[in-house]
Each structure stands twice: as C-alpha cells, then as structure tokens.
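Across the two complexes that follow, chain A remains constant while its partner is chain B and subsequently chain C.
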Partner chain A sequence: MPARTPRRSGIRGGEAASGWLFTAPMIILLGMFLVIPVLMALWVSFSDWNGRGSPFSGSVAFVGLDNYSALVGGGGLAEQDFGTALRNNAWYVLLVVPIQTTLSLFLAVLVNRQILRGRGFFRTAFYFPSVTSSVAITVLWLFLFSASGAVNKLLSFIGVNGPNWFNDPSGVLHNIFEALGVETGPAVLTGNSFLGISFWEWLAGPSVAMSAFILMAVFTTSGTFMLLFIAALQNLSGDVVEAAVMDGANGWQRFWQVTLPQLRPTLFTVLTLGLIGAWQVFDQIYTGTQGGPGKTTLTPAYLSYQAAFTNQAWGQGAAIAFILFVIIVVFTLFQRWLLAERAVSARRMRWYLQTPTSGGSK
Partner chain B sequence: MQRRNSRLLISAGLTVVGALTLSACGSGSGFSSDSATTGGELTSDSSQGLSVLIGSSGDAETAAVNAAVAAWSKTSGTNAEVSVASDLNQQLAQGFAAQKPADVFYLSTDALAGYASNGSLLAYGDNLANKDDFYPSLVSAFTYDGEFYCAPKDFSTLQLLINTDLWAKAGLTDADIPTTWDELATVSATLTTGSQVGLALGSEYARLGAFMAQAGGSLMNEDSTEATANSPENVAGLEYAQTLLNDGVMSYASEIGAGWGGEAFGKQLSAMTIEGNWITGAMTNDFPDVNYTVAELPAGPEGKGTLQFTNCWGIATDSPNQTAALNLVEQLTSKDAQLTFSEEFGPMPSIMSAAAEWKSANPALIPFLDGADYAQGVPIVQGAADVVSDLNAQLESLKTGNAQAILDSTQKNLQALLK
Partner chain C sequence: MTTTVRNRMRPSTASQRLRNLSRPQLPTSAIAGRSLLYAILIVLAMIYIAPFLVQVATSFKTDVEAATNPISLLPQTWSTSAYERLFLNSDFPIWFQNSAIVTVFVTLGRVFFNSLAGYALARLHFRGRNVIFALLIAVMSVPGVVLLIPKFLVINQLGIYDTYVAMIVPLLTDAAGVFIMKNFFESIPASVEEQARIDGAGNFRVFWSIVLPMARPALVTIIILSFQGSWNELSHFIVATQSPELTTLTKGVASLASGQLSQGTQYPLKLAAAAIMTIPVAVMFFIFQKRIMNTTDGAVKE
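Now for the complex of A and B:
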C-alpha cells in the first residue's frame, strides 16, 4: 500500500465535492422518481388511504399491519386471492426460469459454433421475439392458442385433441394425477390450507391457460438471455478449452467441467433477471386473460393493480407490491448464495485428484 | 446489484407510484376536500370548462357523445371536452387521487360502491329534474347507502336469442318458444345435434344469474344490506343450469370454442343463446347471414327473471362546476339525446318516457326493454365485484361442482363485506 497522504489538499482537494456534483443529477432524479415514491407507497401500505386526495392529508390514518394481515391471515377473500396469485406465480417461476435459462444457453452454444452457416440469421431469428412488444405477442398467442387455433390444428395432425388453452382452468398436475386415477387428494392435503387455499390446490400445478403463458415467456425471453450467454461465451479464452482438449476431455465434459463454470457470473445475471421478470409478470395477464379462467392466471402484480385501481383498496394493493418485493429479494439472495464461489470441498477435491489416474483410460 | 435493486424498487411500487406522484403534485389543492357533500350547494365556478371522460365501445359511440356534448356546449355557453379513456378505471383513479378528476364520466355499477364510499362521487340523483323518469330498477342500481348517486346512462338486459333457421329445421314453430324451464329443456334437447348444442352461454354469474333470478333468488337483498347468496332459490336456479349442462343440451361458449355466447350463436355452434341487446351489433357486423329472433327468457318457478347491466354518468365531488355538470347530464339523459344514442350505437334508453318510441323503432328488440320490469342488478357494496369474480371462477366448473357449496362460499364472502 502506498503511503497515505496526510491531508487532502492542493490539486486533489475538491475531489469529493466534484464527485457529488457529478452524481447529483442522477441522485436527484432517482430520489424524486424512485426513492420518494417508493417511500410514499410504503406509507400507503400502512394506511387506510382510499384513493381520494393526497395520502398525506389529515384524514388518512395509520393502520399498522392491517393491510398485510388481511392478505396473509385474514381468512377472507383477500387472503384467498393472494394465496391463489402466489400459487399461480410460483408455478410460473418454477417452470419459466429453468426452461428459459437452459434453452437460452443451448441456443447460445448453438449459434456460437464456428461451423454453423448463417449464424447471423439464427441469432436475429432467436432474438426477434424479445424485441417485439409483449402486448403484440400476447395477442398473437391468444390467436395461436384459441380452441380452433393453429396450435390445436397442428396437434390434431398428430392425433392429439388439444385443450381449449386460454379457457381451461384445470391444473396440469391435477390432470396428470387424474389420468393416474387420483381424482381427489388425500384428506391431509385437502383438509389443511395455507393462505386460504388447500395444499391440494397448491399442488394443482400451472393451469392449462398458465402453461400457454409459460410457453410464451420462454419463447420471448430466451432470445435476450441467449445474447448475454453469447457475449459471455465469446469472452472465454480458447486456451482453457484447448488445455482441456489436451487433457482428453470430450465435448460433453468440456461443456460441463470447463465452459459452464466459467459462465457462472452470466448465469447469475440470467437467473436473477429471469426470476425478477417471472415474479413480476403483468402485461401478459393484463392484455390477455385478466386473471381468468378460474383465477388461474392471477398473479400478485396483477392482483395489486386490481386491488388498487378497480377496488379502491389502495393499502392492500401497496402491501401486495411490498410482499412481492420481499419475495423477490429473498429468492435473489438465496440464489446468490447457491451460485457463490466456494472453496472446493474435500470430497470434490478427491475426485479431481483421481482424475489424472483414471482419466483417459476410458 | 445497486441497479438491480433499483429495478426491483421501481416495479414493486409501480402500481401505486403513478397515482401517488400525481397526488403529491395535486396535494396543493387538498383544502377543497369534503367541502362539497350531498345536500349542500353545488359548486358553480363557471370560469372552468367541463371535461367528460368516457369508455367508448367504438367510433360510433365516441362521435355520438361528442356531438351531444358539443350541442350542449353551444346552447349553455360552457366549454366541454370529451376524452376517451383507454382504461377508464385507471384514469378515474388517477384523477381522484390527484383531486383533478374529470367532471363527468362513465361509471359502472361495479365501481360505484368504491368511489361512493371514499367520497369521490357527488350524490346528485335527487337534484335531477328528470329523476322520476328513470326505471326504478336502474335507480336502485345506483343507490348506495340510501342515496341516489348518479343518472343511469342507458341499460341492457339478458334475453333468449333463437336462430330461426335452425329452429325451423328442427321442426319447431313459434308456438314452441319456451315460456317455462321445462319447455326450455325440451327445445334445447330438440335443437341439440351432433354439430350444434341447443343453448350456449357464458360461464359467468352475469348469465347464469338469470336462472337464479327466475327461481326467485338474488345474491343480496334489494338495498344490498344482507347477503342471500345461498338461498334455496339460488341453489335451485344453479341446479337447473347444472342439469342442462350435464344433459348436454346446454354448453358454456368456451367449451365449444367460442369466446362468448354471441360468437357461439353467430357461428351456429348453438341454436340459442342468452345474451344482452349488445349482441345485435355483433350479429350485424360479424354474422349478417344468421337469422334470429329475440324472445323473453322463460319463467322459472318464481316467474320471469333476468339481469340488467347499466352505467351511469358520474359527477366528481371535486368538480369545480357541478351545476353545469348536472345540467349536462340532464341533457345527455333526455329523451332526444338517448333516442339519438340508441340510433347511433344501440343502447336502450334509461327513461320510461322514451320507451314507446324506442319500441316502435326497434320492434324486434322489444323483449329486451320489457325486461326492465323484472330485471335484477348486481350487489352494490364495496368489494362485491371481487366476490362475483370469485363466483365466476367457481361457476366454470359447475358441471362437476356442487351448487350449494359454490353458493355457500359466495355467501361467506359477501357477509365478510358487510362487517
């Protein structure tokens, strides 16, 4: 470490002030349009503001955690709707995030190969859905997945009688259970509930309608994330792969043991962005189904909008938004912990040490 | 991480932030709140023009409202500007939060209770010069907490639509038009063939509720002070519908690949449907080759019953010129204006004095207007829309469900609203 300068003076004296000066516009903008409104929304979630006039006027009272407790323990319709919305969105996240990440990585590896002809074309083609507005895609999807739409026509060629996608509220897992002969769940699942809906309902899986949205999310976002992966892949140095080749690693091993670990930072970005986007799904629901059929495409973001703007339950709407915020933060932290670089464990190390002796013989 | 957090923050608070930001800007005018309440003097700051916010069904409606408002502007000397909302609920909410709402606006029965209870709406019904001319069922649809809030703009009722070609093909005559539940079941069975179902309708309360009304039931009592959702009458109504569904003579439109009853009817997937008078526009535009007739819905055990749908002209409490707004609404609900609207874009006039002329101009649609005598509205209590949408969700699986259990849960939810 260099010797510390005893006093900040002379030519470097005004640095702090200039620093603040240069960042001031952004700080002011963010404060005005982000921090202050968010704090205001936080206040609303603790108040009984009913949508008329300023939420800071004298007639608006502090109601503590009332809005939150109605959602997570009220026993009423609000809790039930919130539970349903969380259930729907949890299944959505559970399916969308892994599928879109895998698919985008797969596409990226595919179009990154030197031998592929017309790589530019494929890159553009895969990226295209991402630059199209989600409203346009939703409308397209509504047509494709209508009862007599193109998707069902295609399915009928292979002898499958397609479902009435956007009007089918039945859960996919429930349908599978039913096909296996389980019509109603065991009493332990149907009799007990969490957030107003029974555990059997939690296990319903995404509804057929939600599945169409899941396919749509995968279709539209994979292109964006493919781009991130391509950028990361092009940054990898060839030496490491070459060394792996010299060590006798085959293509599959090179991908899993050499390429993928190096993509960890990008993987984190993609998973985080995917997670956030999937938890906040709103436009598709707003333009497409408005929560129907049978509330199976209701999501917390849409429920928050509905509570505030159509039911004048502004406190509850804000509370939903903040609960969603906490959920997203928790998931992101969990995933950060999961993907963190760790010292190699002893068990793992043993495997590495064995490799030179056993490797290459197969 | 910082930037990502910011994104989180943005979207987490997004829904509320917009309105809040507006309200922060508008809070300077906060002193005027609660000044104008019912019974008091109406504000009349004539220096300000009126803004009119409508949720339009199309160009015809926009043009007609524009013309009517412009005509009023000319005679009254007060400026008035019509704007078409892309999302009426949202734009109204933003206006109220900022205390700069539109002066006059379309208001649905679903939204009435919310805005009435937070004081955004002026209860001007009793000041209307033509107050006694409105159908009583419509007046009660816009009465909240004993006060008549706003003038019904127009209304629609549900009736039975019959495809006359398919009707004749099945060997049925005018004498066979069903007047009882049994007859409806019989003709539905006669009209059901391999490629078409007898009767198709939407799967929501706004259609199936007609059966409940015919059985003598309703979700709440007339002034919405008591929940009556799980009454034996309602159960009987739903069980009748359930029987028709299970017999295969009635289907939900969604089950046969149509978006709504009108589409199923127009595509001749069904020989009959239960819809409101808005269907006429769709039939003329999309299915001009389908011949049909309108009949009154058959009577149930407790006589005739149907549902009505209506909007009103709301006036904001925060409007600086309520007197002019009231005057404009009187003009817009007058006989001439309503008959013109009806001609231009098809709604039924909300006043009784226009009935005779409307009937002579629309002889084929008379059953819809006759429905006004026995039609039932939606519950007027804050949060009822949520309960109804929950009921709708359950009605989608009525076929295999239990009518009593469905209505019990609705009863529980409605009672929770009254506490």
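Now for the complex of A and C:
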C-alpha cells in the first residue's frame, strides 16, 4: 500500500460524513446480500428448516450438529453422496490445477518471445475461451464429447474407439488397473471405507465423464492464467538472464534456475486462484450432467444446491456449503503459509541474483 | 536450438532485430528451431479455436448432419432453422432481453458504487475506514458458490424473490471491484484534487467532476469485469428467480442443454443458442482487446 497522505485540515471539510455516505451503498449491499445471508445460512445449517415459511419461525427447531454429523458420519445416503462428491472434486482439483498451471506457463513462455510474429493472434486464440460463459462452453463440450461427436470422430481417424464420454461413469484409474489385469481391489481397500465409500472407490480416479470436464476447465482457464504469467515474465529483469547466458547456461537451465524462481509469486497466485476455483465446480454440472452418470460428476457445490433446492433438506445443504467453505479457507491459509515461506526464498533469490551478476553486466 | 537465436536477439533494439531477421545466413538449427516453435503454436492455436469454428458450423447444419458429420466446417446443406426456431418459436428473445437488462444495470451500478466506495477508502479520512477495508478483504475471500443458499434465504425473506430487483440489486457492487478502484485512486496524485478543494468544491463534486474522469482506465476494467461477470452469471439467477419471464440467457440455455424444449439431441439449436450468447462478450473482448491484454499487466504493477 502506498504511504498515506498526511492528514490535513481546513480544505477537507465534512470528510467523515462523506466517507460514510460514499461507502454506505457498498456496506448496505454487501452486508445485506453477503454478511447477513451467511449468518442466516449458518443458523439454517443447525436447524431442521424444510423450506416452507420463514427459517426463523417457531416451528423450526435447533438440531445442533445433526446436519453436519449426518454428512461426515451418519452412515446413510447423505454421507455416501457427500463422500462421493468430495472424491470427485478432489480428483478434479488434483488434475486441473497442475495441468492448467503448467499449460498456462508453457503458453506464456511461448508467446512471450520477442521475435515471435503474430504474438497478438496467438494470445487472443489462447485467451478467447476464458471470456465465454461456462454455460455456453458446457453446451459446446456436450456436443464435442458426445458419443458420435467431434472428439470421437477425430479419435476414430487414428483408430481409437472413443468412450461415450458424458455417459461413462467408470473411473479412469480403475480402467487402467483393469487393463493391467486388476479387476477388484485388495480386501484392505475394498473392505475399509471413509465417508461412506471404500478406499478402492476413492482410488477410482475421475470418471470418464469428469475427465471431459477436467479438459474443459483446462481449456477455459489456461488463457486467463497465461495473461498473469505473461505480465510477470515482462516484469522480469533481463540482466539476470543475460548473466546466466554469459555463464553458459542453456535455455532449459535458464528456465528452471533463473526464470522460474523469479516467477514464484505469480506461480503462487495462479495455484491459489486455481485451487479456489476448482473447488467450486457448479455451473458445468448444473448445465451438463446434474451429477450423473452414476453420481461421478457430483461436486460438493452441486450437492449443496441439490440438497436444498431439490430435496428441501435445507439444513443439510447449508451444512455442505459451510464444509466446502472450510475446505476452501484451509487451502487459502495453506497458500498464506506458503507465501510466508517466500521470505526465505526471496533471500535465496537475492543470492541467485547476486552470485551470477557479481562479475557480469553491472 | 531456438534459444541460440533468442540469446543473440535479446539485447538488440528493434532495428537491429530487423537487420538480424533479414540476414540470410541464419544457422539451419535456428531455422529448424523456429519452425518447430511456430508448428507447436499453430497446432495449439488450432486446438483452441477449432471448437468455436465447429460450433458455428454445426449451428447451420441440420440435426441429421450434425450427428453424422460432427466435424466438417462447411455444412452440406445450409440450414438456418436453428436460428429461426430460437428467435421465432422460443423464449430465447426474452432471455436475451433479460440478460441485457441485468447486464446494463449491474455494470452502471458497479461503475458508480465501486468507484464511490473506492474513492472514499483511498482518499477520504474518516474513523472506521480501516475497519471497513478489513471487512471488505474478509468479504472478498468468501467463495461465491457457498452463497447460493444464503442468497436465496435473504432474497426470500425480503419478499423480492422472482423479481428484477432480486436479480439486479445484490450484484450492484462487488468487493473485488471496490478493491481495484481503491488501488487505482491511491496511485494517482492528490495534488489535482487539492486545487479543486481550495477552490471550494465539496467532496462529491471533487469525486464526480475531477477524480472520476481521471479514472478512465480503471473504470474500463470495472466495465469489462462487470459486463462479463453479469452476462455470464448463472448461479445467482438460479436462486433469485423461477418464472420463465425472468429467465436469463445462462439459465435458459442451461435448461435447453438439459433437454427442455426439445426432442432428440438438437445440437444445432443448442449450439446456435450458445453461439449467440457468446457474441456480446466476444464483441466486448475485441473492442477492449488491447486493454484486457494489458489490464493484468497494469494490475500486477500497481
């Protein structure tokens, strides 16, 4: 934050009144549609409200942690669905975040070359999917990945019989195990379970249907993150690279040992934004599969919506939302913790910066 | 391979670069490397663009052809029946209109309220400012998807469910936008305002006629973000409305995708709808292309 201007008097009349007046619309709107709703939902998550009447009327009872315990230890369908949704989304996060980060960095490095012709064209091509709405992209994806769609047509050219993407509930990892001759998992994995589904099921990997969504997420977000990386690359000082060149580092070494360490702050931003975004899969599921096939594209966000708006289990829906909230907050804090680590790496980076330049350009 | 070329080019000025480029005796390895780079880029660009070309092409095909030949970019028989059906025989025009209404109001609202609050937080000194700012940061960290049920509860409680008010008012300001405006106002010198204040202008006058015109770059950012955000918004409209007259494009096309209004797959119809709903954001994107590509640049630097 820039240094605050020193307080002056006289010509700055009525600042307190203006200050509150200017911020009042924001305070009222955010308070009314963000802070108060969250508090209301917190109450609902501890209640047995069924959607009829006001959640604050006398007929609505406080049920303590019932809604939460049904999700994480109830042993019923609610727990199983919640476990399935978490598993699906965890695989989604595990694949989407690293792939989109790597791809966007790769694209940024490619289009950032100074001697490249048509840089503007390539940047536009890679960024364009990011401006379209998730609904429009999902509709397009449903077509491209349909049984007789464009993707399978392309696969057939190289002799591959493509799957029926959005109708295929089989887990990708399970399919690989099966190809290796492992039809059922060891009893240790199939016999024990966590959140209502067996460890073998946790290891199913994303379903084929979910994989199509994973590809879609990579397709639509890599452009946005590419822009962040391009901005960071343009802010790098050329001196360090030059020094590394003088020291005889080749392109690969320079990327890993000079460029990448300097990109660390941006890398953290991209990873954090990616993590937060990837845990909030909703639009695609609502538009495309509604959780199917075989609940393998169910996500906590969609499950929360479904529980409340379809099944009228509002307490449970709100409870899922808050657990999801906690998951996202934990990831954000984890990122903060990593950022704090940066103090160390910054020192190391300074060492990087000093060592090669000492006899070099400056 | 390519790197050897880049090394030599890196420190060069534009004119040197031109000279280097026109120099005929580039080593063959460098030429091969450069060709490889372009080949990779062109293949990647094709992967990114092809889906949209296929989309537009398919929207002009017949249902049968869309299924039998999903990949060709030129329909064998051109058919505009998907578009006729959308515009003449469906609620599509209403959806479009609703999306437009919401987007216009939300964008205007955000431009005004975000800059007003951002200015106050950046420039006006008043007790409680730091608390408000801290709360703003806290609010920014609440993930949107978590708010589905909460938003419905408060909209329902206020008795505005299923109205334009419920669709527009909750979106009229956003914490991230206020944050962007605050950062921008902090980056411009205060001396200009001081002059106006000495001349006796009030706080709102200073804001409205001095500061706001200077904030054009940041306002364009807000316009782009809120236009795109409200045009593409889905979840808020799901929880705020239910009647067909208030359906927006996102909600309407999502219902198309899950099979209402149609027997069979009807891909041309769905893809035409998705293509049309992409046009406004695409136009917006191409108008502000330079700004968008540089916005992140500036935002990081600020």
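Methods note: the second predicted complex is superposed on the first by the 305 of 362 C-alpha atoms of A that agree within 3 Å, B and C clash if a C-alpha of one lies under 4 Å from a C-alpha of the other, contacts with A are read in each partner's own complex, and residues count from 1 in each chain.
Going forward, a contact is a pair of C-beta atoms (placed from the backbone, for glycine too) under 8 Å apart; a residue touches a chain by one contact, two chains touch by 3 or more.
None of these values were measured; they are calculated from a predicted model.
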Q.
A:K295 in the overlay: touching chain B, chain C, both, or neither? Say first, second, both or neither.
A. first
Q: Give one of first, second, both or neither to describe whether A:G171 is in contact with chain B, with chain C, with both, or with none.
A: neither
Q: Look at A:S54 in the shared chain and tell me whether it touches chain B only, chain C only, both, or neither; answer first, second, both or neither.
A: both
(Q) Per the contact definition in the header, classify A:R113: touching chain B only (first), chain C only (second), both, or neither. (A) second
**Q.** First (chain B), second (chain C), both or neither touched by A:G205
**A.** neither
Q.
Is A:G274 touching anything from chain B or chain C once the two structures are fitted on A? First, second, both or neither.
A. neither
Q: Would you check which partner chain A:G76 touches, where first means chain B only, second means chain C only, and both and neither mean what they say?
A: first
Q.
Applying the document's definition of touching, compare chain B and chain C: which contacts more of chain A?
A. C
Q) Where does A:G196 make contact in the superposed view: on chain B (first), on chain C (second), on both, or on neither? A) neither
Q: In the overlay, answer first, second, both or neither for which of chain B and chain C A:T23 touches.
A: second
Q. Do chain B and chain C land on any of the same chain A residues, and which?
A. 30, 33-35, 37-38, 40-41, 44, 54-55, 146, 148, 276, 280, 301, 304-305, 308-309, 314, 317-318, 321-322, 324-325, 328-329, 332
Q. Which residues of chain A touch chain C in the complex?
A. 1-2, 5, 7, 11-16, 18-20, 22-23, 25-27, 29-30, 32-38, 40-41, 44, 54-55, 107, 110-111, 113-116, 120-129, 131-140, 142-144, 146, 148-150, 153-154, 219, 223, 227-228, 230-232, 234-235, 238, 241-242, 245, 250-251, 254, 266, 276, 279-280, 282-283, 286-288, 290, 301, 304-305, 308-309, 314, 317-318, 321-322, 324-325, 328-329, 332
Q.
Which residues of chain A touch chain B once you look at their complex with the stated criterion?
A. 30, 33-35, 37-38, 40-42, 44, 50-57, 59, 76-77, 80-81, 146-148, 164, 167, 169, 272-273, 276, 280, 291-295, 301, 304-305, 308-314, 317-318, 321-322, 324-325, 328-329, 332
Q: Would you mind writing out the residues of chain B in touch with chain A in their complex?
A: 4, 6-17, 19-21, 23-24, 26-27, 30, 33-34, 89-90, 93, 96-97, 99, 110-111, 114-115, 117-120, 254-258, 382-383, 385-387, 389-390, 392-394, 396-397, 413, 416
Q | Partner chain A, residues of chain C touching it in the complex | A | 2-3, 5-7, 9-11, 17, 21, 37, 40-41, 44-45, 48-49, 51-52, 54-55, 58, 66-68, 70-71, 113-114, 116-117, 119-121, 123-129, 132, 136, 139, 141-154, 157, 169-170, 172-173, 175, 178, 186-187, 190, 194, 197-198, 202-204, 207, 228, 231-232, 234-235, 238-239, 249-250, 253-254, 256-258, 265, 267, 270-271, 273-275, 277-278, 281-282, 284-285, 289, 292-293, 296-297, 299-301
